[in-house]
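Notes follow once the structure below has been shown.
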Amino acid sequence: MRFKFPLMAIGLEVAMIILFGLFVQYETDQNVSQQPNSTADTSIDLYPLFQDVHVMVFAGFGFLMTFLRKYGFSSVGINLLIASLGLQWGTIVQGILHSLGEKFHIGIKNMINADFSTVTVLISFGAVLGKTSPMQLLIMTILEIAVFAVNEYLVLKIFGASDTGASMTIHAFGAYFGLAVAGILYRSSLRKGHLNEESVYHSDLFAMIGTLFLWIFWPSFNSAIAEAGNKQYRAIVNTYFSLAACVVIAYAFSSLLESHGKLNMVHVQNATLAGGVAIGTCADMEISPYFAMIVGSIAGMVSVLGFKFLTPLFTTKLRIHDTCGVHNLHGLPGVIGGLASIVAIALETAETSALAMQAAALASSIGTALVGGVITGLVLKTPIWGQPADQDCYDDSVYWEVPMRTEHNHHFGEHGSHNQLEPEA
Amino acid sequence: MRFKFPLMAIGLEVAMIILFGLFVQYETDQNVSQQPNSTADTSIDLYPLFQDVHVMVFAGFGFLMTFLRKYGFSSVGINLLIASLGLQWGTIVQGILHSLGEKFHIGIKNMINADFSTVTVLISFGAVLGKTSPMQLLIMTILEIAVFAVNEYLVLKIFGASDTGASMTIHAFGAYFGLAVAGILYRSSLRKGHLNEESVYHSDLFAMIGTLFLWIFWPSFNSAIAEAGNKQYRAIVNTYFSLAACVVIAYAFSSLLESHGKLNMVHVQNATLAGGVAIGTCADMEISPYFAMIVGSIAGMVSVLGFKFLTPLFTTKLRIHDTCGVHNLHGLPGVIGGLASIVAIALETAETSALAMQAAALASSIGTALVGGVITGLVLKTPIWGQPADQDCYDDSVYWEVPMRTEHNHHFGEHGSHNQLEPEA
Amino acid sequence: MRFKFPLMAIGLEVAMIILFGLFVQYETDQNVSQQPNSTADTSIDLYPLFQDVHVMVFAGFGFLMTFLRKYGFSSVGINLLIASLGLQWGTIVQGILHSLGEKFHIGIKNMINADFSTVTVLISFGAVLGKTSPMQLLIMTILEIAVFAVNEYLVLKIFGASDTGASMTIHAFGAYFGLAVAGILYRSSLRKGHLNEESVYHSDLFAMIGTLFLWIFWPSFNSAIAEAGNKQYRAIVNTYFSLAACVVIAYAFSSLLESHGKLNMVHVQNATLAGGVAIGTCADMEISPYFAMIVGSIAGMVSVLGFKFLTPLFTTKLRIHDTCGVHNLHGLPGVIGGLASIVAIALETAETSALAMQAAALASSIGTALVGGVITGLVLKTPIWGQPADQDCYDDSVYWEVPMRTEHNHHFGEHGSHNQLEPEA
């Protein structure tokens, strides 16, 4: 880390500033009047929805990953770093793709899309959490967002598929990209688990901050870029009820599968959100609230089953170790989202072309993610990026100054007992 | 818990999906055009207010109850479960009551009201926190929301009373319902307190997350369903200043009543919110900001006095043990809210009928709550719902997988000392 | 604390209620129709922006200061107290100044400005954190907000300077006011640090709650009172990108300056926000996004350098001990904000008067703050306000009931080992 990390970060930021100088402009009244058909992009109507998404990206994903007992600084801190870099890079890549290389103007909607683009990286971060260096994650940010933007362009502009809440283009994509990277970076020595790969009581509560803010604002995620009016309204209503049904079913299956019928915090932290992911693609369609609840229920059930049976199998058989279980929260529910959209469209229309395009979008998202993830994994495998040693995985102290004093000392101090670890006295 | 809880949860969710299939539809353009007088319900104007309320319900109430040292998973986790079930059930019950059994359309306002309906259960949950099983709480959710919806219908439609911020119909109702349940479920053996019924330093800080998000968004709670325009604006302004005054007075009385003039976190976590409860009923009336501040001040004072003197008395004399002190945060301030509305209306008008209707609303809310609570308590007393044994109260590990590793180990591990509790090495 | 604190708090609240009774009225339809030019203040268009700011003030600043291992109750609790008093007092002082002593009407914009006025005190609170009593802080609240309102009036109305995001009038002002108070209250015995002036692992995570909510909502802070339309839109966009660039550069310099290239949580918690402060003054100007990113980058760098080199120097040479390092988060970035506005205006116009007014505004903000801070410090130095003894600094237990039981006991209890500290058994 000594100089490589800071120089890489400074270099990337300088590059971003130069690219913004070359390509990015404000929307102005003149721009708008020159293009009378376009809606005025300087409106801040979408700003409350943007802020909800912004909370999800920076507080939601950040705290969701703090469940590990010694990896909270990295979870919430590196989440902030890569999302901050990612939103700049996402603005550039998405903007240039849509403007075909011309200068482009940005508004609140670009900010929402920029935040969205970072979510793919944050999901993949979950798969490799604890086993990668900040430098590797900066590189992954740059590569993944570029691949994401291309796939998104393909899905929405070329295929003309529908994916309002981005179940396929963000969630499935981010999960399979991350799994591919995790597969390439697999460490056999960690196969049987790691001393630090556990939660403690309070780290599980910190993670619930992330879970709850993600859960609460998910209707905004799925509706933020929906067409204003009925579609946006339906995206909100469908997501609200899908998530509620998902929670009840996820709790039921968590209890059903654990010994003595106890609830498991891993399921509560993650599977409760699967309903938000799975309803994404068809959130704005006229599917009826009860259909949204069925989709949410299936997602909650599948997600818990995935944590219970698939994740251990992935680690031992496929040699893919998925730290946060993003396959169960984003991967499988993302696929369910794609399939649900096919069902929803099939119920409405006889045209098979629309169905085919949804299927193509799903296949493209997973395929691009796997290829991009393997290539990214190979780049990250080069042993020059300050990777943590096996025994240092899941431990903040490799990359962070960590307080020496402990909780235990703290309170013992209060009771006046002598404490040998205290540096002054 | 082995099978009863999951089967009950799955059964309830299936019932919800069926009821939604039978009764709940989107608002559509056609619906609106057929009823030219109705405002278009597909508008998302209320969505930011809804999201504020949503944060209060899921993060606010959830974290507020994490103050117990070993009951954080249950507080934040069961809060999520019962609110998720409750919002579906609340949508159904409220909708059917208002549509008189016909199919009905839902919009953002229904979502606000659905969230509101769950608040009654979350309040009652506070009274029985740590002494009930997830199954008991699912049952309470179903019963309480049904009774709530009937009382609300009575108060607003039949009496025509005013209760914008729901001091009476939600806060007083939820508190007295919970107290009645707690009275029926009273455990003599816990009379002298319980080893686990305490906070630790960090659990008190987690609880402050709940307090602050409740406090911050309370103006949205009191104004979300107020009439747009001046009434909504006044509801915001009045609540803002009532809460601010309440904080200053609550701190003053906390210090005044504690030994050595110290501040008490229980008061800070709860009594600071009493001003939001108490101003609820008359929040949208033209009462002047200074009047709102007086109401808030009185509520803050009464709430602290309640924690100091009433709660212990309730436990020992009335045999009602109120874990979170909901009587002081929701019960008494809810009553103050009803009385304040009577004063406010009396200052404006000579008509006694309006005053009588407010008094009837308050009496109905408390009366229905007590009767409903007693009946619910008797149902919950049946010894088939997996109740915790006395010695297991206030302990997550009865219903949750709890991490074995401890904070203490965690940090000792960092300093390299040998740790006998570590499962691997 | 025994009686002085509660009586002072009650006295202040009574005074607020009287002042509100004398001066503060609602906006009404009649007011608006009498002044046809004024926009209707009863609109709640600004309410979502207000709520974002409200989260920053009460959750953001509150949790940001919880990084100390034994001072979390005070950080988040006294933050709530002084902001609640401050927003009432700020409403009064700002209103009377602008109405020239007449009765005035309040709307959402007044609430935003009231919240803003408290931020100055919360910043200064950071400089004296752990070394002051609640009584001293109530006094500081009253004095500082009065001085702030006068300086703000001077800057905006007399000089006609521009300071949308209040880099100068709030951030630089609050920081230098706090430093002046800290200088007067300097305790030589704490020069070499204090046993309690440290973080523990979880206190650093609690602080990140504050950091993230401040970071996320800062675009709302800088745009809340900007002119609706293009200026408000630009304030949002500029702040968004300034903050993102600031994060990347702050991480780079944190790693560059720490031993072994590790990241430092103090920098992550604070310096990442400097970009929001520094872009404040020129946030609504047409400066181009890349310019905003340059300002953010410089602020991030300067802030980290300040923590590393200036803060220790201040403590030892200037005899000013700045607990939270507010000089690095608010002071220096506030000055950068003033200078950036001069550059931005110079690039647009040849008129030197506008430049001179910006410079005058910066000088006035710092000068007024220093004078006001010294006077306030002298008032607070009077040994009648219940100041903590040197050895009791940074310790909640002086002013709060603190739980006896410890994290350590908690978990040991779970493993069934005997625990000598448990009061009951």
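Here the chain labels run A, B and C in written order, and each chain numbers its own residues starting at 1.
In the analysis below, a residue touches a chain if its C-beta (ideal position, glycine included) is under 8 Å from a C-beta of that chain, and two chains touch if they have at least 3 such contacts.
All figures in this text were calculated on a predicted structure; none of them were measured in a lab.
J.: Have a look at where subunit A meets subunit C and say same if over half of the interface residue numbers show up on both copies, different if under half do.
T.: different
J.: To the nearest 5 degrees, please report the angle of the rotation taking subunit B's Cα atoms onto subunit C.
T.: An angle of 120 degrees brings one copy onto the other.
J.: Compute the distance, rounded to whole Å, between the mean C-alpha positions of subunit A and subunit C.
T.: 32
J.: Got the subunit A residues that touch at least 2 other chains?
T.: 48, 201-202, 209, 402, 406-408, 411, in rising order.
J.: Could you list, by residue number, the parts of subunit B that touch subunit A in their complex?
T.: Touching subunit A: residues 1-3, 5-7, 9-10, 12-13, 16-18, 20-21, 24-29, 42-44, 47-48, 51, 54-55, 58-59, 62-63, 66, 72-73, 76-77, 80-81, 84-85, 87-88, 106-108, 111, 134, 201-202, 206, 209, 399-403, 405-408, 410-415, 422, 424-425 of subunit B.
J.: Show which residues of subunit B lie in contact with subunit C when the two form their complex.
T.: Its residues touching subunit C are 48-49, 52, 69-70, 192-193, 195, 198-202, 204-205, 208-209, 212-213, 215-217, 220, 223, 229-230, 232-234, 236-237, 240-241, 243-245, 247-249, 251-253, 255-256, 258, 260-265, 268, 272, 286, 288-290, 293-294, 297, 397, 402, 406-411, 421.
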